[in-house]
Amino acid sequence: MNAPSPTPSPYHGFVVVVIAEAELESVLRDDILHAGAQGYTVSEVRGRGNRGLRDDRLLLSNNVRFEVLCDEATARRVLDTVLGRYGRHYGIVAYALPTWTPPDASSAHRPPLTRVRD
Amino acid sequence: MNAPSPTPSPYHGFVVVVIAEAELESVLRDDILHAGAQGYTVSEVRGRGNRGLRDDRLLLSNNVRFEVLCDEATARRVLDTVLGRYGRHYGIVAYALPTWTPPDASSAHRPPLTRVRD
Amino acid sequence: MNAPSPTPSPYHGFVVVVIAEAELESVLRDDILHAGAQGYTVSEVRGRGNRGLRDDRLLLSNNVRFEVLCDEATARRVLDTVLGRYGRHYGIVAYALPTWTPPDASSAHRPPLTRVRD
Amino acid sequence: MLAAIDPVVGFFVLGLVAGLLGSDLKLSSGLYDTLTIYLLIAIGLKGGFELASRDVTSLILPTAVIVVASAVTPMVAYQILLRLGRLPHADAASISAHYGSVSVVTFAVGASYLGRQGLDYDGFMSVFLVFLEFPALIVGVLLAKGLKADANWRRLAHEVLTGKAIVLLLGALLIGWIWGREGGKALVPFFEGLFKGFLALFLLGMGVTTAARFGDLRRVGLFLVGFGILMPIVSAAGGVLVGWLLGLSVGNTHLLAVLYASASYIAAPAAMRIAIPEANPALSMGASLGVTFPFNVVAGVPLYLAMTQTFYRMMA
Amino acid sequence: MLAAIDPVVGFFVLGLVAGLLGSDLKLSSGLYDTLTIYLLIAIGLKGGFELASRDVTSLILPTAVIVVASAVTPMVAYQILLRLGRLPHADAASISAHYGSVSVVTFAVGASYLGRQGLDYDGFMSVFLVFLEFPALIVGVLLAKGLKADANWRRLAHEVLTGKAIVLLLGALLIGWIWGREGGKALVPFFEGLFKGFLALFLLGMGVTTAARFGDLRRVGLFLVGFGILMPIVSAAGGVLVGWLLGLSVGNTHLLAVLYASASYIAAPAAMRIAIPEANPALSMGASLGVTFPFNVVAGVPLYLAMTQTFYRMMA
Amino acid sequence: MLAAIDPVVGFFVLGLVAGLLGSDLKLSSGLYDTLTIYLLIAIGLKGGFELASRDVTSLILPTAVIVVASAVTPMVAYQILLRLGRLPHADAASISAHYGSVSVVTFAVGASYLGRQGLDYDGFMSVFLVFLEFPALIVGVLLAKGLKADANWRRLAHEVLTGKAIVLLLGALLIGWIWGREGGKALVPFFEGLFKGFLALFLLGMGVTTAARFGDLRRVGLFLVGFGILMPIVSAAGGVLVGWLLGLSVGNTHLLAVLYASASYIAAPAAMRIAIPEANPALSMGASLGVTFPFNVVAGVPLYLAMTQTFYRMMA
């Protein structure tokens, strides 16, 4: 059946995770939406990598962690944009994960691009 | 060998992630446990989606992010419950990921439902 | 081509997630780096499991959530170390996820161990 | 002229300008929480100290009148929003509840302003503050759901009555009342001496927040902007009338007008999210935080005093 | 009668009631941290100012006696928990350490209470506070591990000695001692003037937390509830005896009794989690935060004063 | 001798020791933010109150001179870093900008120190503080990029001008100026009475942070450690000269020397991260927080006063 079901299904598609210096939050936000994502979730994280410790309890700036649900094409655009633009000079890592689709008739018929809410 | 090994193995099964308005935290908590999960991890996140910005630094309420390790059946129940109950009127997104099982004898024999600690 | 490309590719390999009592943060940090990880990201989370509620707004200590990007061998070492050492007496759960590799020539040639930045 | 305004309003404007310029100035959410808890306790304590030093029975009648009269605001607001604004049922009800309820910080700004004018008011005004939190929320849900079963009244009542606004105001009021100013004098340097400083910080943050809310004004639409300015003036006029009928002093009546005119942005949003989930929170918060709060703090508070004084002079 | 109690206890009760009603009132963890840091510094400074104005050598003997005597509490507690309570070895040791150590906030409530009774006490009592943090933790680990090698004493010593409780108490004590009240007078409005306000906020949060801990009481079991009430009374009696033997004033002896009776919930849990990981933290925290802390704050503090006064009258 | 030092420095040392011992003492990031906001407002207000009570036109010339002269520091620093230190272009430019800009907390420590010496200074010194934030940042970018198009000046200007340091200092200055000390007296107990207390807490946290930064010293290298100590002395000497040429009092000149000697660790890092992303922030922060800040707070501030007094005596 193609009629929209009253209850939304769990998201199936991709999750892109981007971890970067907090200074980049506002530009990453714009880039992610520009790449076609319809939303994002962001949280404050601390970390350590090639550039040493980042922890705002020590007056250093924190990192932020973006989590973006999107389809495959958007996932690639997000990854390409953020790593292409900031990967060279800024502390940034990014990866993607395919989400699990419950093997269930109603949602199996949905294309992966469908938003989670009807 | 069926004897419980002294060191626990990494979790294999599913991770369900639910991101929703902070007002729903207490009901989601109950729903998740009701659906059969044996625990959950929750953190404060901010975000943007169809309903605009959510950021408690701006006196708006935050979102919360639940992360639930569970078996497949519980994963489906959690997703169905939370999206079914709150998907229509509240800002909520949810997805699941299958975790990776290290191809290693001792844990391969464990059924996916086994809790991570012995 | 083996020449390093100027823009980094998205991370492909594994993500290990470790959630544990905040008291373990400093030792987990060392163990994770020891196991061969080149970095980590950590955030404050709350949670509930076999040992009841953990929430620092209630003067109980919080949990911390480590997220480690690494190759398969390191992922196994991290999981084995942290669960082996602390799994018995402390509240700790851990799992791993394989990340998605965009089916794209330049990064497909990279071995999974390659760091995300050139 | 500026001297008549309280410098705490300067901090509100500073936050507003910083927000509009896109400054990185932000109050952490922990600081917001701390300031909210502080202001609620300080105001509650002050009311309690006052109650301890006077005959309480004389307050029962005015409280009852003021609380019952406060139900008029949401009912008028609902009709306006539904008929003139053509808003959906649920949104009209939710917004009405926001406007019928009260804002603690607007009250504090009003009290500050009175102080600078050399006008007196009684500490028991914060007793009204406590009781004015509820009625509008109840009216709002009644408007949205009628008396249907699914209105989950128990959960709503719980949400409202145990919300931190009520718990802290009422609790601090009781503590102040039981111990009195003399018994609680060790608390005075903190909860009275620093009041203006904490209020200044809170208003700084509110300025930043209000600036961020201006973006919602587009969604809110021109109609709601007008509503967010005119509705408080109408409510304030009602407050002047009720205060005068009760024989309150000019200062007290002014504060009552400020209370009626103020729109809630702490207790109401949380309660409405539970009670009327179909309502869009961007509309109610956009109007109450983006329009009415700045209007009241900057222009409304002095205006309502002028209204009060004019009316009292006319009736004298 | 209520007038004898400090209004800060009113805030504790308010938090407790809010928590039991399921209110959304919560202190952010940042605010908890801030309040803890403030209280530790304020108490340390006060002790330091006192030391600066007196002959310190006269304190060496009483400090030594008080510290050594404090080791009795965990040893008695351990036997009771093991034999009467039939608790596992590790849990008995860990809980003993909690009860042998001290609670800064209970101390502050005791000092407030004395003040309201018009009774004097000496600022150097907070010197004891610093030194009473350790012995029980060491005894606890000894009980759990004996002198076996795996007790990782170095890590434990580090954890305890560099824990923020000790570092701030001792550090502020030194600063107060070095500069004296005159040299540090610019710090007085903040660290003394606001003390009761900060204490009130902390107790408000402790009330909420205690309410949340009541759920653990089921796990804790009836035995531990009784233990959590009777053990502090026994320890307080020991404190009265030691204070009297050392010839302390009634006020000082009361505070010593309060210190002995109080159970740690900041330093001990962190140290025990490292030293005795087999022990279940829900048991020790349930008893110390869920039973003993509220008992002490509400009933214990006045009770211990009555005990002290009665004993001093008997011996006079 | 210790009596000459402000006890707030004691808190810095306490934090440093705690950090070096590996204590779990940490200030939450919310508390850091709160303290920063408080200090910026308090300093700005103080300057504004001062402006309100004097003829402002007399300040225009000295401000201009002081601001223009401040561009010398980053230019000298750049040459030293590039030629003697052989640092990469971008790093030399970024570090120069940090050293040319100013540190609000170092300024506050300097002002405290003067107060303890019984020396006067004028509140308008914090006006200079505001204007000394910019020039070095602009010089830094000019050095890194020349006047090339890609320097994205608009974004940089925005970042600097709307950064919370400038917004709060300038905003509070204006508020203080408009309302004056009399009009803003309700703010005084909070923003002046508690100043030293907040400063003590901030320095406590800075101590912990500085200790954590010591790890970067290895990366920073011996050269930068020497630079971090000698550069501020050179800049302070320049400050003494400029102050003397402008005919400032000894106290004011000392504060000018402290400003010139101080290195930024709030405004500059954020601005440089945007303007010169190629520069490694560990170098500039390691030098400014790990070397120069502790040096200034503990040794520099008294040294610069000695320098000022000696020079004034010589020239008298």
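Just so it is clear, A, B, C, D, E and F label the chains in written order, and each chain counts residues from 1 on its own.
Keep this in mind: a contact is a pair of C-beta atoms (placed from the backbone, for glycine too) under 8 Å apart; a residue touches a chain by one contact, two chains touch by 3 or more.
Everything quoted here is computed from the prediction, not taken from an experiment.
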Treat each pair of touching chains as one step and give the shortest count from chain E to chain F. 1
Relative to chain B, which chain has the most distant C-alpha mean position? F
Copies chain D and chain F touch via same or different residues, half shared test: different
By mean C-alpha position, what chain is farthest away from chain D? C
Between the pairs A-F and B-C, the one where more C-beta pairs touch: B-C
Distance between chain centroids, defined by C-alpha means - chain D, chain E (Å): 41
For chain A and chain B, what's the span in angstrom between their mean Cα positions? 17
Could you grab the centroid distance between chain A and chain E? Build each centroid from C-alpha atoms only and quote it in angstrom. 47
Touching at least two other chains at once: which residues of chain F meet that condition? 26-31, 34, 193-194, 270
Touching two or more other chains - residue numbers and ranges from chain B: 43, 97
Contact pairs between chains, per stated definition: A-B, A-C, A-F, B-C, B-D, C-E, D-E, D-F, E-F
The answer for chain A against chain F in the complex is residues 21, 23, 51-53, 56-62, 89-90
Show which residues of chain E lie in contact with chain F when the two form their complex. 28-31, 33-34, 37-38, 41, 158, 161-164, 167-168, 171-172, 174-175, 178-179, 183-184, 186-187, 189-191, 193-194, 270
For the complex, give me every residue of chain C touching chain B. 14, 17, 19, 43-50, 63, 65, 75-76, 79-80, 83-84, 87-88, 92-98
Can you list the residues on chain D that touch chain F in the complex? 2-3, 6-8, 10-11, 14, 17-18, 21-25, 27-31, 34, 112, 193-198, 200-201, 204
Which positions of chain F touch chain A when the two form their complex? 26-29, 32, 205-206, 208-209, 212-213, 215-216, 219, 265-266, 269-270, 273-274, 277-278, 280-282, 285, 289
